[in-house]
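Next come two complexes built around chain A: one with chain B, the other with chain C.
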Partner chain A sequence: MSTTTPSAKRPFGVGARLRRKEDDRLLRGRAEFVANMRMVGMQEVAFVRSPMAHARLLAVRKPADAADRVFTMDDLDGVSPIVANSGLPGFRSAGQYPLARDKVRHVGEAIAMCIAATRAEAEDLAERVEVDLDPLPVVADMLQALEPGAPLVHEHWDRNAFLETRVDDNLDDVKRRAAIVVTRRVRTARQSMAPIEGRGVLAWFDSRLDQLTVTSATQMPHIVRAGLSECLGIEQGRIRVVAPDVGGGFGYKGILLPEEICLGWLAMKLGHPVRWIEDRFEQLTGNANCREHHYDITGYADESGRLLALDCDAVVDSGAYSSYPFSACLEAAQVSSILPGPYVMERYRCHTWSATTNKPPILPYRGVARTGVCFALELVLDAIARKAGREPHEVRLENLVQADQMPFTNITRKYFDSGDYPECLRRAVAALDIPKWREQQKKRLPDGRRVGVGVAMFCEQGAHGTSVYYGWGIPMVPGHEQCQARLTPDGMLELRIGAHSHGQGLETTLAQVAHEILGIDPARVRLIHGDTAVTPYSTGTWGSRCMVMSGGAVASACKVIAQRVRSIASHLLEAGADDLVLEDGSVRVAGTDHALTLREVAHTWYRQPQRLAADVDPGGLEATSGYKTTQDTGTFSYAAHACAVAVDDELGAVEILDYVIVEDGGTLVNPMIVDGQVYGGAAQGIGTALYEEMPYDDQAQPLASTLADYMLPGATEVPAIRLEHMETPSPLSVFGQKGIGEGGAIAPPAAIANAVNDALADLGVEITESPITPRRVLAAIAAAKRGAS
Partner chain B sequence: MKPLHFTVNGKAVVTRVAPRTHLADLLREELRLTGTNLGCEHGVCGACTLEVDGAPARSCLTLAITCEGAKVRTIEGFDDDPVMAALREAFSEHHALQCGYCTPGMLVTARDIVIRLPQADEARIREELAGNLCRCTGYVGIVRAIASVIAARNSAAGGR
Partner chain C sequence: MKAPAFGYERAHSVEEALLFYASGDEDAKYLAGGQSLGPLLNLRLARPSMLIDVRSIDELRECTQTPDGLVIGAGVTHAAIEDGAVPGPVGAFLAVIAHGIAYRAVRNRGTLGGSLAHADPAADWVSTMALLDAQLDVRGVTGERQVPAESLVEGPLATKLAPDELVVSVRLPGWSAAARFSYYKFNRKPGEFADAIAGFAYDPERGVCRAVIGATDGAPAVIADALELLAAAEASEAAVTAAGFEPGSFEHHVHAVALRRARDRLIAR
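Then we have the complex of A and B:
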């Protein structure tokens, strides 16, 4: 349980375990997802997609009887390719046409779009479109991509790499001193983020407003508007992007979609609404787009396991194109900046490649590069601990940044704002009860299975801003986050923000923030978000930023409203503004029952202005205010994950016996929602660790096309996770809150892999590839046996 | 197009349907009952679970034409149901939903568990949920919510 508790005067404020305002419509089947919306005259869209990973597009032949219902890139006059360049030196640029032109570069790339009255009929039409493809040699693997002479995904480039980055250092001295040297080759599989709701777009043109409206299941409506403007060649004022209820994001919906451009163009061309709803086959075969990393990593340590240096070559399979706005290089460049994790070291060298392949373009998935980085680093730390002959957590305790070093600037100049990392790990180790499992390990489980324990740690930068992002030179740099707050004439509060909620519960938590500042009942607060027509600009919902940034903006705007309310009430109550307190939905002369409700104050401002003071602030009860953290290097939440697993060395099956998380998210605005974020993230991390993989053959054909072969963890795969909180307030945010949304998904692959390797240690087995499927476990055991004989 | 007569949420429906149309598409696109969400359209994720003749069914794998004479109940048809009311309360209390997309199907399955298996423990609840995927919650709140409704019903029955 958390210890953050709301104050007596603000029972529904920061720290309240408030039930969610959004639940009712979701529980009664009254939510408004894109697929639930339809309009008069609407037509459905189905795409013709490439069955090949790399081919020259020679011709597209439309059925003669339906040529006016099929569209190719040649039809899309005035449409520019998506360009998402990074400003980092050496970035290789290539645009992505929303429908393929000249070449296709991954399976599932859209070639043509077809419209009909129903989706089924649109798909019938798509099947009748003939596409001539001339196959080209395929780049199916990221290491193959970088080899000299590899076929080029983009022919005007000299090499299949969007970007190479280098952090260099002289390791000579460390190499001489290191008693322990551990080198590992680590690999993580390509995944599909697989929100249960896929993508979806509904577009129409409003001739009265001369405006294109694109309703899309997106995490970032304002960024989509900017991108649509660039690609469609029309002013942003003529575009409105609306995100309705969105059924999960996780990064999958943090992108300008080719389909958004296509449908936007169609709506303007045809004059009637058009809708496209992604199906699961499209998603899995054409959009498995995250997590695929390769590491050749060496850790240098002294004889006790104290880390001296890391040396790493890392490759990220970035796919065929650079996605807007994050670009193809965010992931790999992030690898080099965060690989050191929460640990101290003397030297650090890291070389990364964003490899270009004939696969879907990479997108940052919950945790972005951290999940792969944590996996690689924590495997190395366990290997070092084994060589040192010590418990892995003991080695980590000595390598972590210590509490008395906080705030701490690490070797890649990340500013860790607060916390006690060793204490977090100690608590997780104690909660798991490692000695108990070590005893069990000696005698195995009654059914003969082996037992292992594993730990992993990370820290997670959240809500980082301008100074972190401008250096990347990508199409999006976050600045101030804004909120527009308005008391309505009946004393309700409307909050308008440009970020969007797709499960995080912002309608609830931001109402709690408003309550904290204004004392207003959260039931009387309405959040209006996800609509570029009525909200301030925002880069959107990503990077664990909303509770810090939108929360800060709401607090800031509510403080302005509070001041205005005090000022108006001061005149009406004939009291000094400084003597007034806001509580229980009223403004009160402190220590008296002389008070006005917010409703009465609002009524006076809007309906009885004759009662206002002559010098009243003309801004009234509406204010837009911007917010940044006191420095924009990001809040750093952190967590220790510890688990015990059973491993069947005959069948290769892994079962999680116990799983403990101790995390520090600073001040928890709504502990119930924070718990939900951590649990849900951990479930996704367990999927990464044990189940989820999009395999490709040597022609880059995706080998999973349904949820029966791309396995998401279900209720029987995810254990009853035990969660504890530490709550070290961030000195950078308004209430001390830290970004927490991604952390759960970061450490499970590392913790579980370490536990599996611990269970198999006496066989000399070490698995360094995720997911840890039975096939991989048995192959590793067989390889170890061959090596030993 | 073939004629179809069946009952949806207690109301008689007479319509015509293409033989290939699945029940979820008919409900969502023709009858505008959009509470039934589609997640995979191949019967794995469970988001489209609803009730056909009193038992949970995948509406994405159920051809509408096979529902002649059937009684179909969607998430919109449970507003007067006391078990569903208890589950909705428990789902909110235990934070058993985030994005809410899997929730209608999850609730129909949950109601079936509660009614059919009054002795279900946590392990059994998890087994029974194996056909409903949730990508947000990690199932923690869902399992707790269902267990709490089972416990409340058992305690009410025992006190009688």
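Then we have the complex of A and C:
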């Protein structure tokens, strides 16, 4: 349970478990997604996509009877490739044409687009387009990519790497002193993010406004507009990007899409609306784009397990292109800055490679690099604990940043703003009841399965801003976040923000923020978002930033409105502005029942200006105000995950018996929504741990093309997670809130792997690869047996 | 993906269905629950010129006890079987199997005949009906015949059925009241196709003991005289090797474990 509770004066404010306003339409099937939209004259688009991972594109032959309905890169006059460079030294640059030109570099890369009245007919047409491809040697694996002499994905480069980064340190002394040295090779599978709604784009040209409108299932409409402008070569003012209801993002929709450029061009060319709806086949075969990491990692510790140093070579399979705006190197560069996790150490060395391969370009997925990093580090910590002969959580307790060290600047200069990390772990361990499971472990389960327990911890930077991002030098640097607030003539509050809500519940939580400041009923607050034409600029929804940044902006704008309301009311109520309080949707002379409703104030401002004071603030009941945290190094939420699993050592099957999360997200604006975020994230983390994997063959052909092959966790795989909150306010944000949107997805692979390894420890089995499939478990057991005999 | 264009006819009797087939071209396909055919159409892996919908044929949905055993209509859904449409101890066994197929939404539409005709080697009915020594009543444009469930499947999604042949019903021999059945399916999560299937059917009164190893590369491996296997768990390994699995492989290992566990379950009954 959470401890933040709303104040008596602000019953729906910060801390209220308010039901989600948006659920009324979402649960009743009244949401509007791109696929629901209909426009007069709209045609559907199907793409011809590459069946090969690496080939020269020799020719595209259009069917003679339909040549005017098929378009290739040669037709897209005036269109420039997507360029998403990083300013980090040594970054290798390569543009991505929205439709392939000269070469294809991954299966699923778009080659041509076909239009017809229906999608089925557009697919009929796509089948008739003949593509001549001359196969080239394929780079299917990230380690192979880096080997000398490997075929080059981008021929003008000297090496298949977008970027190499190096954090160096002298480990000599530590190597002499370390009683425990643990080296592991850790690998995480490539995954396909799987929001229920795939991508979708509807584009049309408004000749009255001389404006291209692109409706897209995106997390970042303003960034997409900037990218479309760069690639289409038209001014941003002539482009409007609308993100309607979006059925899950997770990073999958935090990108400028080649398809957005293609359809934008097509709408301008043809003058009628065109639409493309991604299907699951396209999504799986052409867009498995996250999580694939490789680590060679060594932990040095003293005999009690106290960490002295980490030494790591990490490779991220970044795929074939650099995606806009995050670029191909954010993931690997992040690895080196966050690998130390919430722990203290003396020395740290990390070398990373963003390897270029013939696979879809990498995108940041919920938790971004943290899920892999946490997996690698927490496996090493467990191995150290085993060598020290101690309970893994005890070793961790001593290695964590301690509460009295906060705020703490860690070895990679991350500024941990607040918290009590050891207490979080202690609570998780107590809630799981490890001694109980140790007893069960001795007896096994009645059906003979083994039992293991595992813990994992992480801390998560959220809402980090300018100073962090300008250093990456990528196309997007977040600055101030803004909100435009307006009281309507009948006293409703409209909030306009540039970020987008697609599951986060911002329509509710931002209404709570408005209520906190203005005392207005959240039911009378409308959030307007997802439309570049009517909202302030924002980099969008990513990086667990919205509750802090949009929340701060809404608070800031509402404070201006509050001041304006006071100033108008002070004249009408003949009281000093400082004597007025805003509560219950009214403005009141403190301690009296002399009051006006917000509606009356708004009515006066708009409809009866003759009643206003002569020197009234002419800005009125509308204000745009911006916000930045007091320091933009980010809020650090953190959590401990602890679980017990059953392992069937004959079949390799793993079942989660109990799962506990203790999370500190600072002040919780809406604890119920936070719970939902953590549960949802944890479900995805369980997917990473046990199920989700996009296998590729040596020709980089994706081997899972339906959800029967690409296994997602469902209701039967996600246990009833027990969740506790700690609430250490962040000193950096308005209410003390921290970003928590991603955390749930970070620790499950580490906690579950540690539990599986604990269950199999007496066999000498240690799994260091995710997902932990029956095949991998049995292979590890067989290998351990071979090693032992 | 969306299916390419196709024609559609709804049949109300077996005769009508066959007539539709005979009057169309060779590429017609029967449509039952659509739970396997639907995805194949959308992936454009199946490209029939016409679908003949057999869901409105009452005869296919009947379920009767005869002196020699049971006759289950090919159009009976997994859900109906789960809910007890098939009488007796065999029916109780089939209800358990049906409950383990996919999710209820799929079971509401998917049919016994569709599952057998689709012939995914990992499908539950393919193994179960072979285990129970079932015969398929099949009618084609030119006549009718019986096909033993055991030899129906020729490979993944390939059967002995001719394209015009409609499975009308599945005929089960009369298992006595003393018969006991067991089944073990290993899959990664409910609704996923099996990595391994094994089952036993033991009728001491009739002196029949059969076992099946399913989720193979093709037809399920039936062990018609499984008494020895029942007597000795160690025999599982050899049986799985005989079924064509490579010793030392993951597949061999999990099939052997499944077979042992099916055996243990039968003994525990």
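One rule holds for everything that comes next: the second predicted complex is superposed on the first by the 789 of 789 C-alpha atoms of A that agree within 3 Å, B and C clash if a C-alpha of one lies under 4 Å from a C-alpha of the other, contacts with A are read in each partner's own complex, and residues count from 1 in each chain.
Here is the rule we use: a residue touches a chain if its C-beta (ideal position, glycine included) is under 8 Å from a C-beta of that chain, and two chains touch if they have at least 3 such contacts.
Model, not experiment: these values are computed from the prediction.
Peer 1: Looking at the overlay, what does A:Ala708 touch: chain B (first), chain C (second), both, or neither?
Peer 2: Both chain B and chain C are touched by A:Ala708.
Peer 1: Which holds for A:Ala120: it touches chain B only (first), chain C only (second), both, or neither?
Peer 2: both
Peer 1: First (chain B), second (chain C), both or neither: which does A:Thr716 touch?
Peer 2: both
Peer 1: Is A:Leu487 in contact with chain B, with chain C, with both, or with neither (first, second, both, neither)?
Peer 2: neither
Peer 1: Spot which of chain B and chain C makes contact with more residues of chain A, would you?
Peer 2: B
Peer 1: A:Gly248 contacts which: chain B (first), chain C (second), both, neither?
Peer 2: A:Gly248: touches chain B, not chain C.
Peer 1: With both complexes superposed on chain A, which partner does A:Ala700 reach: first (chain B), second (chain C), both or neither?
Peer 2: Neither chain B nor chain C is touched by A:Ala700.
Peer 1: I'd like to know which partner A:Ile196 touches here: chain B for first, chain C for second, both or neither.
Peer 2: In the superposition, A:Ile196 contacts chain B only.
Peer 1: First (chain B), second (chain C), both or neither: which does A:Arg20 touch?
Peer 2: first
Peer 1: In the overlaid three-chain picture, which partner chain does A:Ile673 touch, first (chain B) or second (chain C), both, or neither?
Peer 2: first
Peer 1: Would you please give the residues of chain A that touch chain B in one complex and also touch chain C in the other complex?
Peer 2: 118, 120, 279, 706, 708, 714, 716
Peer 1: Considering only the defined contacts, which chain A positions touch chain B in the complex?
Peer 2: 19-20, 22-31, 33, 35-36, 38, 118, 120, 194-197, 245-248, 250, 279-280, 502-505, 672-673, 675-676, 679-684, 706-708, 712, 714-716, 718, 720-721, 744
Peer 1: In the complex of these two chains, what residues of chain A are touching chain C?
Peer 2: The touching residues are 118-120, 123-124, 127, 279, 281, 650-653, 691, 705-706, 708, 711, 713-714, 716-717, 773-775, 778-779.
Peer 1: For a test of understanding, state which residues of chain B touch chain A in their complex under the given definition.
Peer 2: 18, 20-21, 25, 28-29, 33-42, 44-45, 47, 74-76, 79, 88, 91-93, 95, 97-104, 107, 122, 125-127, 129-143
Peer 1: Across the complex, what residues on chain C touch chain A?
Peer 2: For chain C paired with chain A, touching residues are 1-5, 39, 43-44, 186, 188-193, 195, 250, 253-254, 257.
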